[in-house]
Amino acid sequence: MNACVRAVVRAALYRSVETVGVSRGYSGLWSGDAQALTSRSVGGIARWGGTILQTARCEEFCTPEGFQKGINNIRTLGIEGLVVIGGDGSLRGARELHNAGIPCVGAPASIDNDICGTDMAIGTDTATNTILEALDKIKDTASAHQRAFVVGVMGRRSGYLALAAGVAGGAEMVIVPERPMSMEEIVKEMAQARERGKPHFIIVVAEGARPTATDICECLNTVAGPKYEARLTVLGHVQRGGSPTAADRLLATKLGASAVEMLLSGQSGIMVGIRAGRPVAMPLDEVLAEERPADEELVRLEEMMAL
Amino acid sequence: MNACVRAVVRAALYRSVETVGVSRGYSGLWSGDAQALTSRSVGGIARWGGTILQTARCEEFCTPEGFQKGINNIRTLGIEGLVVIGGDGSLRGARELHNAGIPCVGAPASIDNDICGTDMAIGTDTATNTILEALDKIKDTASAHQRAFVVGVMGRRSGYLALAAGVAGGAEMVIVPERPMSMEEIVKEMAQARERGKPHFIIVVAEGARPTATDICECLNTVAGPKYEARLTVLGHVQRGGSPTAADRLLATKLGASAVEMLLSGQSGIMVGIRAGRPVAMPLDEVLAEERPADEELVRLEEMMAL
Amino acid sequence: MNACVRAVVRAALYRSVETVGVSRGYSGLWSGDAQALTSRSVGGIARWGGTILQTARCEEFCTPEGFQKGINNIRTLGIEGLVVIGGDGSLRGARELHNAGIPCVGAPASIDNDICGTDMAIGTDTATNTILEALDKIKDTASAHQRAFVVGVMGRRSGYLALAAGVAGGAEMVIVPERPMSMEEIVKEMAQARERGKPHFIIVVAEGARPTATDICECLNTVAGPKYEARLTVLGHVQRGGSPTAADRLLATKLGASAVEMLLSGQSGIMVGIRAGRPVAMPLDEVLAEERPADEELVRLEEMMAL
Amino acid sequence: MNACVRAVVRAALYRSVETVGVSRGYSGLWSGDAQALTSRSVGGIARWGGTILQTARCEEFCTPEGFQKGINNIRTLGIEGLVVIGGDGSLRGARELHNAGIPCVGAPASIDNDICGTDMAIGTDTATNTILEALDKIKDTASAHQRAFVVGVMGRRSGYLALAAGVAGGAEMVIVPERPMSMEEIVKEMAQARERGKPHFIIVVAEGARPTATDICECLNTVAGPKYEARLTVLGHVQRGGSPTAADRLLATKLGASAVEMLLSGQSGIMVGIRAGRPVAMPLDEVLAEERPADEELVRLEEMMAL
């Protein structure tokens, strides 16, 4: 996200517009916590994981009084337009602000890549690479041990991360929320893979999938017995950090700069996304109306590549 | 490239088509050096840099006799269609083979991202991240020393790598073949950046740019004297290796699988590229006719972000 | 381990001695599975995780008949001396072989660093860095969320990995097998850390410690309620892979070369270890007699650094 | 170095001693630029490359007047003892301060590992791993091209980095300041390696070696002609940055904590080093009297491993 903050500040400065950074998202909007950002104060931040503005949930902002307090702070601080970087929840807030008359442009940030209106969200590429490195390391010793490895990754509603990392990392099976499987099917596929001569069996499981990574691991170690010695890896918040990849920084830079340009051209109530490498705008109403479907191309590739 | 080889083999297998791997490109075609590839022989290769099939130049293949020898080998080996993975030179060869009646589909691989007909070429994302890591490391001590750092990167005709890494890595200046600069302009921009309070000055220079990285460094250390103590980094072939990123492996997988599908559907003389995440085909004649122009969006972002 | 294999082969070759590689450890010894290794066959292997010789457990070798079969194979293959690379179990086997008259020198390999007679074992440095990267990534977003992060790492009997990574990575608490703690103590320390203004709380837990990482996480999320929102990371076999670090490759090279020199000078029944950067020998009887105690210096540093 | 700063602050705090951080080394001492450091202000810094205290050269401090000004600042700031982290130059300054009556303990930091009185200096392990990654990447495509790769690394007086990375990374030749070679010898060794079947030839050259990396590359490309197509990599300041490795952070933590303990026990005019993993003290006079000799063990290993 830092690369996006940097882009907003410098793209604004390029047009002689000043910027302030609101700390901890809507929490800072509610409490009026904001500082002027200069080109120097965003220098060198693009390579740090996390965000210099920090994030937090804010229940107060969700109440009518809290929301009004936030709007008052926006006016007091002299803010003429907002760039809101975040996922579903953040973008809903942006729509509310737009509806209340505050010029607002959203930029999609979500490691799950579950936001409509953009090919990719900020953070997804970095998280995919983090999982990929874990899979590569598991493979180093996997072939030496003839075991099953169950790897739990993020993705509450969306299996994108699991599929993308699974295809790139050569997992033998990927289990996603959009496509539930039974333990019987899993065990059967494992048996078939072993017959095809697969030296190991790696299962990538998204957080929101059923059965869960823990369930699968326990089942393999109890029901299936010594035949399938299963080992568990749960990456957890490791996936949310790390120095962003080049693709993530470039995406964040494009989106941040475009968000500023759209605001300055009078647009609001939209999210800026990327399509074929170019910035595109979509009304927040549309972005938030749809559930992003599973990437059928990835599902198909996963099936082929697991051969 | 290994991920592309894996994809070709497994996508073919998925349709019950057998594959052979030709070693060292046209050199192996000329000498008839090819082995059957099975799902197992491409297992786990996607994470290695380089390619299991190796690469080489082959002058013999460029002669009419050598070319005919290659065609005879294709027939003898029972090859019914070819997927050619590579850059400009490789794709020219693919066009020749197509013109000689051999079904041929190309897949773009080039760290310079200088091939028309695709958003991205295989290898570019990995190389960009390698340069980015170098820039990040230089920045760690750059701010502590108030020096100029000149970083030479690949890109003989194209400044894509330099621009992409420069924007992502926060370089103060990027010099590319498509946009020559004079030493006077460079020194002037450095002076202005210092006035704006920039704690360091990093110049990324593409291989084909003028002046070169070495020239700039020497000039700063002699003409400008102690005022601009410049340090040189030349990354060289470090940029060609390394475990491929997730984006590169996914791209290579998509292109490899699509190339097989296109061949099987009777297409030839085309290159499969990626556009907005989806495979697209372009005739090799078109691909090879145009010089890919500099990415104007990146040029514009670089200017803004260097503020 | 590959760097050690390379070192054994080339150090032997340097003295005009031939080497064969036994596949899958004692399993290959039992089945007579061994190939000649040349300088070329170990070229470039040092950077791969795992080992080209593969590893496996072998119950047959543990029986008197299986052991005798292994000894016969050693004689049949013309093996005049053995370098055994591995942990506790492998070194016990080496002692048995020495007692049966086969010249044998052990080299310690264990990511837990739980082997006596050496400052460091092969694999420990790489695993520590892998954990450290995970901790660094967790910290990126940890400060933004005010949560507790529980990270389970390897170490069944030894807390070395947990302590080393915890001190290097700035964990707030490290729980090791050698020093059990109660949940009450853990919750109390967390409360104190929060009072000192710590923006996050990271607990590194070794595999063999009590309570376990999973126990701690569950307890924090149920008993302590919303006050301590805990998130779990279990690294699992990710810790066993990855390209070895420079320190690991240098250590493995020193130990492998010295093992060959010791064998050639007529020594046997010993393990070669490292002490202050220099190779030292210790009788396998001594190595296997003692439990390596917890590193008191690390325990002390951990306490100070968690302030 | 940040890990060392953290260790000094927290080890002092552990003994209820306050710390101030002097900015930019002797430059800050001269100008009186220092801030109180708390446990919180050093939280999370260990993973950043560079140093939060910044570094700079200071010519003024080298004059008798400047030195006296520094001493006066030390007294004014209420500093009762100094921990000086750095290389040769920094340690000379520490000796001067000690001789002038200021309690001073040095800690060795130098990526060249060229300081006597310690097995390893802070920064060396990180730099070695950075070079190693570059060598690994070069090897990925090196075997596919049959070329010579010349890699210039740091080390003005000491070849430690070049040797350590060269042995770990499997370089075919390492050229260090302590052991000059002629171009004839280099070309001869290359020819012999090719005869032994080496698929590539990587030469690691320390900065202070003769001939230099640039000289070797130019010579191979002109004199030896197309037979030896040589490619140059110069890593430069990339080697000075990057997130420190686990070993570097542990070393820095041990040295920082010990330096505080030594100061508090009344010691001065010494440098704290590491020997077999334990802190040891050596008088600065001795540390600065000797030139650290080349590591003969590494030279020997390099010769064997290049086979």
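Which chain is which? They are A, B, C and D, in the order written, and residues in each are numbered from 1.
By our rule, a residue touches a chain if its C-beta (ideal position, glycine included) is under 8 Å from a C-beta of that chain, and two chains touch if they have at least 3 such contacts.
Note that the structure is predicted; figures quoted are calculated from it, not measured.
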Centroid-based (C-alpha) most distant chain relative to subunit D: A
Centroid spacing, where centroids are CA-atom means, of subunit B and subunit C in whole angstrom: 39
Between subunit A and subunit C, centroid-to-centroid distance (C-alpha), Å: 34
Interchain centroid distance [CA atoms averaged], subunit A/subunit B, Å: 27
Where subunit D touches two or more other chains, by residue: 136, 139, 143
Contact pairs between chains, per stated definition: A-B, A-C, B-D, C-D
Subunit B to subunit A touching residues, read off their complex: 3, 6-7, 10-11, 13-14, 39-40, 43-44, 46-47, 119, 125, 128-129, 131-132, 136, 139, 143, 164-165, 167-170, 196-199, 243, 245-247, 249-250, 253-254, 257, 275-278, 297-298, 301, 303-305, 307
Subunit D-facing residues of subunit B, complex: 48-51, 54-56, 130, 134, 136-145, 149, 231-242
